[in-house]
Structure formats: structure tokens, C-alpha cells
Amino acid sequence: MRYSGFKVLWEGLTGNRGWQPVWREPEPKSSYDIIIVGGGGHGLSTAYYLAREFGLTNIAVLEKGWLGSGNVGRNTTIIRSNYMLPGNEPFYELSMKLWEDLEQDFNYNAMVSQRGIINLYHSDPQRDAFARRGNAMIMAGADAVLLDRAGLEKQCPFLDFDNARFPIKGGLWQPRGGTVRHDAVAWGYARGADIRGVDIIQNCEVTGFLIEDGVCSGVETTRGTIEAKKTAVCVAGSSGRVMAKAGMRLPIESHVLQAFVSEGLKPVIPGVITFGAGHFYVSQSDKGGLVFGGDIDGYNTYAQRGNLPVVEDVCEGGMAIMPMIGRARLLRAWGGVMDMSMDGSPFIDRTHIAGLYFNGGWCYGGFKATPASGFCYAHLLAKDEPHPTATEYRLDRFISGGMIDEKGVGAQPNLH
Amino acid sequence: MSQSNRTQGGHIDRSKTLRFTFNGSRLEGHPGDTLASALIANGVRLVGRSFKYHRPRGIFSAGSEEPNALVELRRDAHREPNTRATVTELFDGLAANSQNHRGPLRYDLLAVNDYLSPFLTAGFYYKTFMWPKAFWEKLYEPIIRASAGLGRLSMQEDPDAYDKGFLHCDLLIIGAGPAGLSAALTAARSGARVILADEDFRLGGRLNAETLEISGDSGADWAQATVAELSSMDNVRLMPRTTVYGAYDHGIYGAIERKTDHLADGGGKPRQVLWRIYSRRAILCAGATERSIAFGNNDRPGIMLAGSVRAYANRWAALPGRRVAVFTNNDDGWRTASDLAAQGAEIAAIVDTRERASLAAPAGAAVSMGTSVVDTKGRHGLKGVALSNGSTVECDCLAVSGGWSPNVHLTCHQRGRPVWRDDIAGFAPGPDLPDGMRVAGAANGSLTLAAALREGHEQASAAAGELGFSTVAKTPPAAEDEAVEASAFFHVKNDGPRAWIDLQNDVTAKDVKLAHQEGFRSVEHLKRYTTLGMATDQGKTANLLGLSVMAECTGRTIPETGTTIFRPPYTPVPIGAFAGRARGKEFRPTRLTTSHKWAEERGAVFVEAGQWLRAQWFPQSGETRWRESVDREAAAVRGSVGICDVTTLGKIDIQGRDAAEFLNKVYANGFAKLAVGKVRYGLMLREDGIVMDDGTTARLGENHFVMTTTTANAVSVFRHMEFCRQCLWPGLDVHLISATEQWAQFAVAGPRSRDLLRKAVDPEFDISSEAFPFMGCGEVSVFGGTPARLFRISFSGELAYEIAVPARYGDAMIRALMEVGEEFGVVPYGTEALSVLRIEKGHPVAAELCGQTTARDLGLGRMVSKKKDCIGNTLSERSNLNREDGLSLVGFAPVMRNDQLSAGAHFVSRGKPASTENDEGWMTSVAYSPELGHSIGLGFIAGGHERMGEIIQAADPLRGRTIEVRIVSPHFVDPEGERQRA
Amino acid sequence: MIINHPLLGPRDASEFTYLGDASLIDRPDWQAEDAQQQFHDYLYLRDNPAGEHRELWFHEQGDRSWLVVTRNTLTHEITGVELARDVAMQRGRGR
Amino acid sequence: MPSLVANSPLGDFRQEFDGLEVAEVTGLAIVSIATPHGREAELAGAVLDAWGIEFPPVGASIESTAGEIRILGLQPGQVFALFQRDDERPAEAIARKIGDYGYYTDQSDSWAILRISGDRSREALERICALDLHPDVFKTGGVARTVMEHLGVIVLRDKDDAFLLLSARSSAPSFLHAVVTSAKNIQ
């Protein structure tokens, strides 16, 4: 079924009786060419691109709970490609370009909204570091604008320029950055993959891997054994738990990132604003809620909830730069479990076990990467060689010292 | 205007009249009123519009679960959008306006959406607005955004102050209804430290809204007597107007106390206080929330929760209608009928979905058993209802009771799942409660008054007992076990008019069915696809109705269909309250050096360095551009002598028999053999081989060192060294204490620095170059006996010293140094000149020590000892960190002498386009060198040391200025380092 | 969260700074033949358990002790708090 | 030649509020004493000989009977000694008194000291201090290092209704603002 304004009109006039399920609910088969473990954003986009780009459709996506229940369903919806290091920026720019064509591509309105993202700077050294980043972005084909104070005031007159403890001197602006309706990304990819024949199987938890002589030939699940030529794990947030079943230790810790939404408000802010001297970033959803967050809580956890000090720290950051939000109320807080990697950058790689692949370590940046992650993982699975923009996302990069450390804080995951 | 719907009795103070306005109309109420009760007393029915269809809406409830009656409260910068009228305490001069409509409330232009509802079904927007692609941001989205949202922020700085605080107790009791009061009484009498918090301004909970009796008194009187007893006890803290909004780990609860919201003018005091309550045990006595029933057009003004109708009549003496009908599936609805009748309302009908009921109807009420309401009429206010038996009833208020849902919210905050109970047809707290929490009363699914009193007493006894307090074995106060029989009836099935589930977000039963039809069948999919329960009320009255409709569709039971758990906060909390005082200049503490006041007097321009403020430069009269000042300051240092406050550098006092060995482990270069009275540059690596920090360390005695760190890393280096000391080498005798604050330290730099210091250092100390050579240090005294430390170190490359005095002398010291330096033309210099001087010498700072660079990259590779165990040397040997084409820190000079270099530019070989694959490095720092007369820079470039003299591009497309630069030595001035040894 | 400090009693976790897995105490021998591999595993690989986790916290705004806290990463329940120095000594670390 | 005049971090601040008073304390010497490994007993013995008091455990302080010195147990292996400063080099004064059994570091200039006293002092501290200062829990003589409004603070209860608060000298104005705001907010 193709979605369109006309279809909505027609259905409205005929009692909305014609809408079909967005995805099937198939029983798992006994074997597939490729099993994707994890029905979150990255897993579903991997399945979608395997089908669309490489014509591979004998594929199952296995999801422990409900489709999209991972971090694609619990994030702050920001997309951007404002990275600095050559190992990262081309990949995230690929992702941005995929976002820009996504809705027409999978015929689902995920509300990709490029209203821009601004990272504020407060000092000359910060400005210089942003200049380094902005130039790296442009050199990778992305867009970047360095705003001085006057340029920033034009866009965000409501910022507390003069009274702020850390005076706001300008910002690095990526006009193509923005937000996307996060759940719709999962649903759109699921629909696109389902239409092309991929089996999406919910409530099917992987309990073990079939590994013999260093070869993985499938998985054990709560719904039986399923064989596969290739098994692709894609369970960020649960990577440690799942890969432990394959006997692997990872350069990853699990941490919780909290996010918050305010009550609905008439339009307040234009795009995404990120406060560098505090821990705060904010956007406003189409429904009117301010969607905001800050730092991770900072301790290992698999609990999808955080604690008060971070809530307060985030709101302090918000009030520091835009004290007009004081009377807006925080409506809901939630926590997502992050794969915090040792250098802050992800992995899309084979493992040392033949037939077993791993995608994870996205830290708190996985949502924006959803299209490119799926695209590059699909490339790796289909061709057994990394996509050119993802060659550095190797699991063994720390052995040789090939860290991709944007923040420069070293092997301490909670600082990334 | 008279209060047309006000009756007799109630807990309001009729001796005082409060004036307020709603949408400009002048109205009156009394102390004790909420905005909602006063509106009802004044006969106001239409108070707002719904989110999507802009349907007319009236007050629905009498508490914090309110979905409809949201207003913009107060004026101008004090405007507070989305404020629930049902919990807003009335004050004199209150001004409220309805929100989310275009044009007058009664004639909202966006009400057209209601006629488009067949097209605006759940999730319709996912299926359209995709063509043409560019129209989303430009056309569709702006329209959606402008019509979405609820109230408006003022866009002005929040003028009110907020505060925070910390409380400790043995027992936190959440909710001061019958269960909470009973629990508090028992716990308090045991001697435990008790906090009793309630969101209402009048403690007593439902007791204030009911006509039930306790021990022969009215419930409300009993509540007041109990509150009086509790407030007389030292070990009890009563906190009305306080919402416990979240349950966090280890017995910590978040609470928000509204201090001045009920006052016309807060008098400058904090408006709200955000408390963190540390409890050893907690008892949740949060009561229950009534839910509605889904039936055709069940959203009109005048259709309300039955318990709320009763509350308005009993507590506030305000009748929501003159002719009231009751629609119920349980016994409790019948009480509304009898109480309303007692207050003088006409009971038009009692419609009960059950076949029989145990209570009697008031005289004159028509009773229809086994019957439902199927439709209603009255666009701006209810006029009548149609029943399933075909009859119609004229009425202006319909009191609906779908049963009571325990307020389990806080039991879920640590991801506990509620469990279904058939007897109350609702979810009750599950077994996985937050550690230390117990639940009592209606929150626990025990819906009678007697049970609430009993459970409160029992749970408090048990909790106090666990903590070692003995409770007086007294039975709880007696009350009747009133009839509360309920039935599982949620939804009047029909194919006719829309039946609302979520009033605020306009989710109807049809939306839930559509979600099912399209495969969004898990509870989470249902919520996300339809937005059920996502509004400002978080679905308190709606969630279960939505579940029941989904259960109907799937043919499963409600518990099989699922439940959603709740997350904090229980009710929305202002962002300003979470921030407390930390805003504006008080966002973070400010650290000042001891010369700050003096520098201010000199007109210095200051810059933030972490939390420090440092003098950036000292403009003199006639200087109009910052460069003039900075050039002058830098030139003065190279020409004669300058003084700079360097107090902000971290200083760590290191003592112990093994101090030298310890330093040998934390620094990459050797420290074991440093002589007493000498200073050495130290390079600190992280364990991954990347440079962490650098600085100088002086050996003051055999077992005594003083380390300096960079300003930015002072705290993290100290932490790291404590880790090394306690966790890696606990056997070493070494002790650390920060001395950053103890010493005011000044760099005295330039060829005349020794001459100047001779005037400051007491004459018994020989500071000649022979006696006090480069990299020497020692304890001296200055200006006639003040203790000081002198270090002969140089950041500028000139003959230079750093001299430290106890901080209490810092202000006097800078003034004295300037005084004695006058004859040498001494100038103070700030961080900008400092930066110029160090770039001229090629010294790395934070821009180069950015956490991504190795000692080798910095040209310091040979400092990393391979002959000892130290942090970072093993992993610094990894292949990728030692590539031939690895980065090198080198200098850059413009090919065209007048070109300005820019930090952040990337290096690209000549003739190649600026793209990622041609990226060879970046410029880290730039300055104008007054010594050389042109712009100079430092930066990292691949294989830099082998490329001296090569001309490359410094590409800065971000600022549109790409220039050609020459790779040069990073040591621009005095490369042999002779000046500093002079 | 509240950490029950072995010397000071219960203190709010916001006084502490977190580092990570307590295995960071077990720094390898720099002279081992496969020192680089050992240091790689020590610094970069984690068990990252869903359940009981022994981890290092620094009482930065307190008594400056490093602590080894045993905490469940699913429930956040803390079942043990020790001075890291004692733990390190027990594991044979000295000079 | 100019001579150097000392100044205090908060200019001898003092202000009264309803129920409490906030005042800067000046003239105190603060010397940290670290205990060398293996010489704990000797150092404790020297302290006992010099002032007749035991070495306090972490979290407690002990004042000599004559009141000339108070020793605060701050962290394992480290205490602070507080006494009236009558010497430019208080660390050396301590060394003269008890010998070189410990490692001494002068901290006198590192801290700004406020005394908050009066029956509402605990109520004011409630707004910034997460410690439970109930007298049954935090007894007179009790000492703790904690954080208030992002600032490190050492709290010493020197009387039932009086607390000594030590916070870093460089941020003393911010700290004073925090304490005074608390006093005002409870009025």
C-alpha cells in the first residue's frame, strides 16, 4: 500500500477501513540467509538496505520485545553531521544525506526537519576548536557556518548573552541538522523491509549463538533455534549482555542517558541548541514539547532510568542559557541504555567468530547514525568488506592505537 | 458577578472575598477555593479547547489529574502556561486566560479541525505531507507547529527565584489523606523522624471532599485534629503544597514545595523549593484517581468525574450543575448522587451499567440499571444525554464514575510493574517496589476509608519497627467500610459518535481501533502511534480506557494486553525549580585570583578559564584595539620585564619517603634523580599513551615536591594521582594535598626580572644566576620576612621567575612588585600576551594537549622513558601512534607576510582540493608576533619535521580564507634557549 | 544514589566521581612479554555485567578515598563498599 | 621597601539574620598533617604528648582541653590542625611542637572560614547541604567534607547550633553568596 495525501483523503471518506497492518507478524522460519539480532532502528535499517540495495530478502530481524523498543524509541531525535575526525565525519555525512531522501525513499513521513543545529561557544579556544570542526565538516561535503555573536543573536535572540556565567560568544551552526520523529524511523524502516519480504519477528529473544569451531551458524531463541549463514548483532544498549553469550568481551560499557520533555508549548525555539559550557541541548518537537538532555549519569547501568543530580544539572544548563524556560514544566523523564565505547566511536565489524558480525558502541549518538549504520552494516554483510565511510570502525582498533576520540578524553567511557 | 452556583458549607472562608479574572471577566471567590472551584461557583463551564480537534472543554476533575482545564496563569513575564485550574489556589488579583485557541474561546477558528476529523486520525501525518520534499520545513511543518503546542511562554526571563534543599527522615509519608494521616500518627508517636507531604494546600485528602465519618466525627474534622497533633510534634515535618514527584535510588525522593504560588506577590522569596528527601523508609499513601467511561461525545463541558463533582459540592460548596445525571459502573458513583442531592442539586438520573446496586438513590432520581449513556448534546456545555435504552435525559452536568485507579506512579519509578486486580478492575502496586517503600490505602487498591486508616497504621508500624522504633500498639481510628463494589466496564461500544479516551490529546476509541488495525498492538506502540497518555496529564484518567479498547480488539484481557509504567515526575515540575539558584552569574562558582581586585582597578579585561577569571590584557589609555595592548605587553616582557598572575595553575604538594619514586611512575620522564632545589618539566601520559598534562615539579626537600598542573586539569590530575597512590601503588609512602589555593603566584619575566626581584627578595637570599640558576628553586622571604617560594622557570623563553607568597599577601604582593618594578618599566601582562609569548617559543597548551596527541606528536617523544614502569609508556608504543607519517607539532608562517593565520584551518598540500582525503592536519594556535612582525601559528601536520620549508595551504573554507603558509620550526624566538639561562 | 562509605556512613553519590570497573586496579606487569596485549585488555576490554559489578568511585568531595563499590547494574542495589587501598593490598599491589 | 599587609578572603564579613548569624573567622592557622606509613603510632604519641589528645578518626574532631588546638580527621592518613596563627610559618611551628613524625603542609591561606550560628542555622544549611545535620546524627565536634552549590566545603559542628564552614579561598565570594542567600531565603 502506498501512502499519500490522496490515500488519507480517500480513507477518511470511506471510514478508514482500508488501512492495512504496517508490518506482518510472521512465524520464524528454521533458517535464513541473514539473521539480524535487534529490531531497533539500526537493525531495521540494516534489513531495509540489505533488501533495497543488495536484493537480499531471506532475512529475519529478531526483536526481544516490541519493534523499536530500544534507543530508537527513547532519544532526543537529533540528526547532525558535525563531527571532526576523518574516521567519523564522512560516515555521519552519508547518514545525513540518507536522512534527506529517506521519506520519499521508504514512503513514510518521519518528519525529517532540518531546522539547524547550533553549538554555542564561550571562548576563543572553543571557537578555534569549532573552526577546526567546521572546516573538517565542509571538507567532508557537509555544511557549517561559524556564527559570531551578532549572527547568533539574529537566530536566537532569547539566549542570555550578557548575564550568562559563561558569556555566549557565538556558535557553530549546521543548517542541515535538525530532528526526526524517532518512532516513525523504526516504523518506516520496518514497513519498507517488510514490504520487501523481510521477516520481522517481535517477542523473540536470542538466548545463545550456535558456535562451533569458530563458526557461527545461527541463534537459539525463545521461539526456537534459527539457523543462518550470517548472524548480525545490532543491539546497542545490550551489546555487553548479548555478546557475552558468544564469549566476547567488548571495549564497551553500558551507561544510562536521561532525556526530558516539557509540556507542550507554542513555538519557542527554532532548531537544536547545544550549550558547550554546561550539559544541555534542546529542541522543540512538532507537538510543542521542549525535548532536552545533557550528560550521561556516569555509572555503569542497564536500568533504563537515572537519578536526580543529572536532572538538576541539565536544567541548570538550560536556565543558564535561556532563563525564559523557567516556567515551562518538565513533563516526563526517561533513560536509555547507551553502549559507551572506549573512544566514543562505534563499531561495524566482523568478529573473530566466522559468520558473526557486530554493530554497536554508538554512545549517545546512535539515532542520527541510523540510516548510515544500516547502510554500512548491510554493505559489510552483503560484500564482506566495510563500506568506504566506515573502514575505521574496527573492533580491534585499540590494539594498534587507532582510536577515533573526538573528545580527547581517552579510554574512559563515561567521559565521552 | 454573584457566585451563582455556590451553596452552603464547605471548607472555604466566606469572611473574605477574593477577586480574580478569567479571560478578562471579573469574578469572585473565597480563600480555600481553587481556580476551578471558583469558576464552577461562578457558573463558568467552558474553560478551554482540546489539543487536536479544538473541541470545547470544561473542568473535568478536581485534582492534579486534570486533562482539560489548563490556563495561562498570571501576566507578562510571570505568565505560566498549561497551569491546571484544579490545583491553582485562588488568590486576590489572580488573572487566568484560556489557551490554545485562535480567536475568542467560544468561537475558536481552529474548531474547523473537528469537521476534518475523519482525515486527522491517529498517525495520519506519517502517511502524507511528503511531497514535494521541500515543502515540509517551509509549509507543512510551520502550520503544524503553530497550531500544535498548548500555552505560550512569555519569552522573558523567569522573574522568580527558586531554591533547593535536602531533608532527612526515618519515614517519608507521601499523601496526607486518611491512610497518610493514620500512618503519620502511628510513626510520629513511635518517635521516628517523619515527613508528611501532600500536594494539596489543605491536608486530609479525600476526607475534605467526603461526608464519611471517623470515630463519630466528620472525616474533615478528624483530619484537622490529626494535623494539629502532628504539627505539635518536634519529630514531624508537615509539608502541604508539596508534591513528591519521583522515587529515586536508595530511598531518595524528589519533592517540589510551592512556597509563594498561592500569593499575589511572593515578596522576592523563592517561589518553589525543590527538595531532595533522604528517607530510610517511605509509605506511599497517594490515594486513587477516578477514571471515566468512554462513550459517544463524552468530552463536553459539564461531563465530569463523579468523585470530583462530589468534591466541588462538599469541599467547595460549588455545584457543577443544577440538574445532574450520574453515569457509573460502581457503588461510588451513587454517593455523588446522594451528596449532590444533599447540597440542593436535582438528580435527574442515575445510570448504572450493572444490573443491581447496593446503595439507595436520592428521592426523585430516575434509576436505570443495566444501562449506558451513548451520546450527549450541547456544543459549549452539556444539555442532555441519550441512554442505551433509547431514552434521553435533560441535564447540565453528567457525573461519570468508571471506578478508581490506585495512584501507583511512584511504585513504578524504578521500573516496578503494577499488577491487575479484578476486584477493583484496575492495576495495583506490584511486588517490585522501590527499596524501602510500602503502600497503604487507596494507592494500594484498598478503597474503603476503614481500610485506608487500618493500612496506614499497619504499614507505619511495620516500617517503624524495622528501624527499631517501637510503636504503641493502638488500633487505628474506626470508620465504616463503605460500599465500593466495582465492575469492569470501560467503554460503551457503538459505531456512532466518537468516544474520547484521552481528552487532552484527542485520542478516541476509533483511534485505538485504527492502531490495532494497522498493527500497533503492543501498549508502547499504541501510546506512540496514537499519543495516548502523552499529554500533560500523562494519561492519569485515560490509560486504562485505552488498554480496555485494545483488549477488546485483540480479544485478550487487559493484563494480557499490558500496562504502561510511569516515569517521573508524578506531575510536571518547572524547569526553573530543577535549576534552583544555579542561573545567571550564579550558574557556577567564580574563582578569583588574589590580584583580581588590583587588576580591576587597572581596568583589566577578564576572561573565563574554567571557573577562574583571569586578566586577559590591561588596556592603557589611548589603546583602542586589544591587539595594541597585547603587543605592548608582549614586547615589554621581551624588552624589560612583565608580571603575570599564574595562580590558577594547579599546585599539588607531594610528600613522603617514596615521593620521588611515585613521581617517576606518574610522569613519563625521569624524576627519581632530580636534585633538591631543582625544578624539572614533567610530561604526564594517560595509560593509553596520549599526553594528559604537563607542568613543572620542584623538589623542595628530599621527601617533598611541589607539582604544577595546567589550570584546566588541576582536578583531574589530582584525582588520577590519588588513583595511582591508593589503587596501583598503595605500598608507597606518599601523600598528596592541593596547594593551589594556598599560594598567590606571579610570573616575573623579561631581561630585567632578576633586577626587579632583587628589590623584592630579602637580601639574605642570593638570586644571582650562579647561586640560583635556570630551573632552580628555593624557599625565600620577600619584603622583610614574608615567606615565599621562588622558581626560576620560564614560559616566555626570557629570563624569568615565578614567585609565590601565601595567598593572604597576594594583593599586597602584586602592588609591591609593581611598585619596585617601576624603575624597570614593569608592565602587567594578561593571558593574551602570555599566549603570544608561548607560541613564539612553541610551548604547547590545551589546544595542543587536546587529548588526541602523543608525546611524539608534540616532539617530546624522547622524554618517554622506556627504562622504567610509568603510566602510559607501554601503550604509547602501539604502531598507529608511531607512524612515520604521524602528526608533528611544527610552526607555520604566512607566505604573504601580511596574511593572518587562523586557528582551526586544515592543512592541504598545494594544488589539492580541500577535502577529507587530502586533510593533513590542522592549525592549533595562532598569534601576531610583535617580535617578528607577522602572524605565526602552531599546528599538527603529517610528517611535519621532515617538511621544514614546504609551502602548503591552510584551508579555512568555514571563514572563506585559504592562504599559503610555510612549515617552520615551532621555536620562533631564541630557538637555542639562551635568554632564559641568562 | 547513596554510597555507604566504610568510614563515614551514607553519603550522596554526587560527592563521588566514578571511574569504572575495579579491575583497573589490576594493572599488568610492564615487563611481561605480551605487555602490550595485556595492557590493551586491561585498559579497553570490559565484562560490563548486567548484575553485580565491582567498580571504582572516588570520594572527591569528601575524604578523597577511592572505594570499590559492589553494585547491581540492573537494580542499582549496593551490597558492598570497601576502601580501594585495602582491596589493592589484598590483590598483592604494593610498591 | 614596601611591606606586605595580609587581607582576609571575605573582608571580615558579618551579618545577622532572624535566628542566625553569618560571620567570617580570621586568624586561624590550618596545617595538614599526613601520617607516614608505619609511623602512625609515633605520630599519635607525639600529639598526645604535645596536647593531651588522641588522634581523631575520620569524620570527627578533637579539641585539646586547653582549647589551643583542634584536630580534624579529614581523610585516611591526613588530619587538619586548627589553631590561632601567631607565626608566619605555622607548619614549622607544628613541626617544632611534635617533631618530624608527620608531613606538614600549611593550608592557612587555602580556606575562607565562615561561622554560621543560631537556632536557625541548621534550617539555613538545609538549603545547600546534603548532609544530615540533625544533632543525633552529626554531633558536636563532627566534621565532614562535602559539596554545596558546586563548591567543596568542610563542615565542623563546633557547638550545638554553630557550624564552621571552610571553603576554597578563590571562590569565597561565591560561597558567601550561597550561605547568605540561604539565610535570606528562610526568613
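A, B, C and D label the chains in the order they appear, each numbered from 1.
Here is the rule we go by: a residue touches a chain if its C-beta (ideal position, glycine included) is under 8 Å from a C-beta of that chain, and two chains touch if they have at least 3 such contacts.
A quick note: this is a predicted structure, and the numbers were derived from the prediction, not measured.
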Given the two chain pairs A-C and C-D, which is bridged by the higher number of C-beta pairs in contact?
-> A-C
Per the C-alpha centroid definition, the whole-Å distance linking chain B and chain D comes out as 32
Distance between the centres, which are taken as Cα means, of chain D and chain A, whole angstrom | 49
When you check chain A against every other chain, which residues touch at least two of them?
-> 303, 307, 399, 411
Multi-chain touching residues of chain D, meaning two or more other chains, are 78, 130
What are the residues of chain C that contact at least two other chains?
-> 1, 12, 14, 19, 36, 40, 43, 64-65, 75-76, 83, 85
Chain adjacency by touch: line, ring, star, complete or other shape?
-> other
Complex contacts: residues of chain C adjacent to chain A | 1, 13-14, 18-21, 36-37, 40-41, 43-50, 53, 55, 71, 73-76
Over in the complex, which chain B residues touch chain D? Could you list them?
-> 161, 163-168, 193, 269-270, 273, 276, 278, 581-582, 586, 588-593, 611-612, 647, 653, 655-657, 703-704, 731, 733, 735, 737-743, 759, 782-787, 805-809, 811-813, 815-816, 819-820
Mind listing the chain D positions that touch chain C in their complex?
-> 57-59, 74-76, 78, 130, 144-147, 152
Which of the residues in chain A come into contact with chain C in the complex?
-> 240-241, 244, 249-254, 298-303, 307, 309, 342, 398-399, 411-414
Along chain C, where are the residues that touch chain B in the complex?
-> 1-2, 10, 12, 17, 19, 24-25, 27, 30-31, 35-36, 39-40, 43, 56, 58, 60, 64-66, 75-78, 83-85, 87-89, 93-95
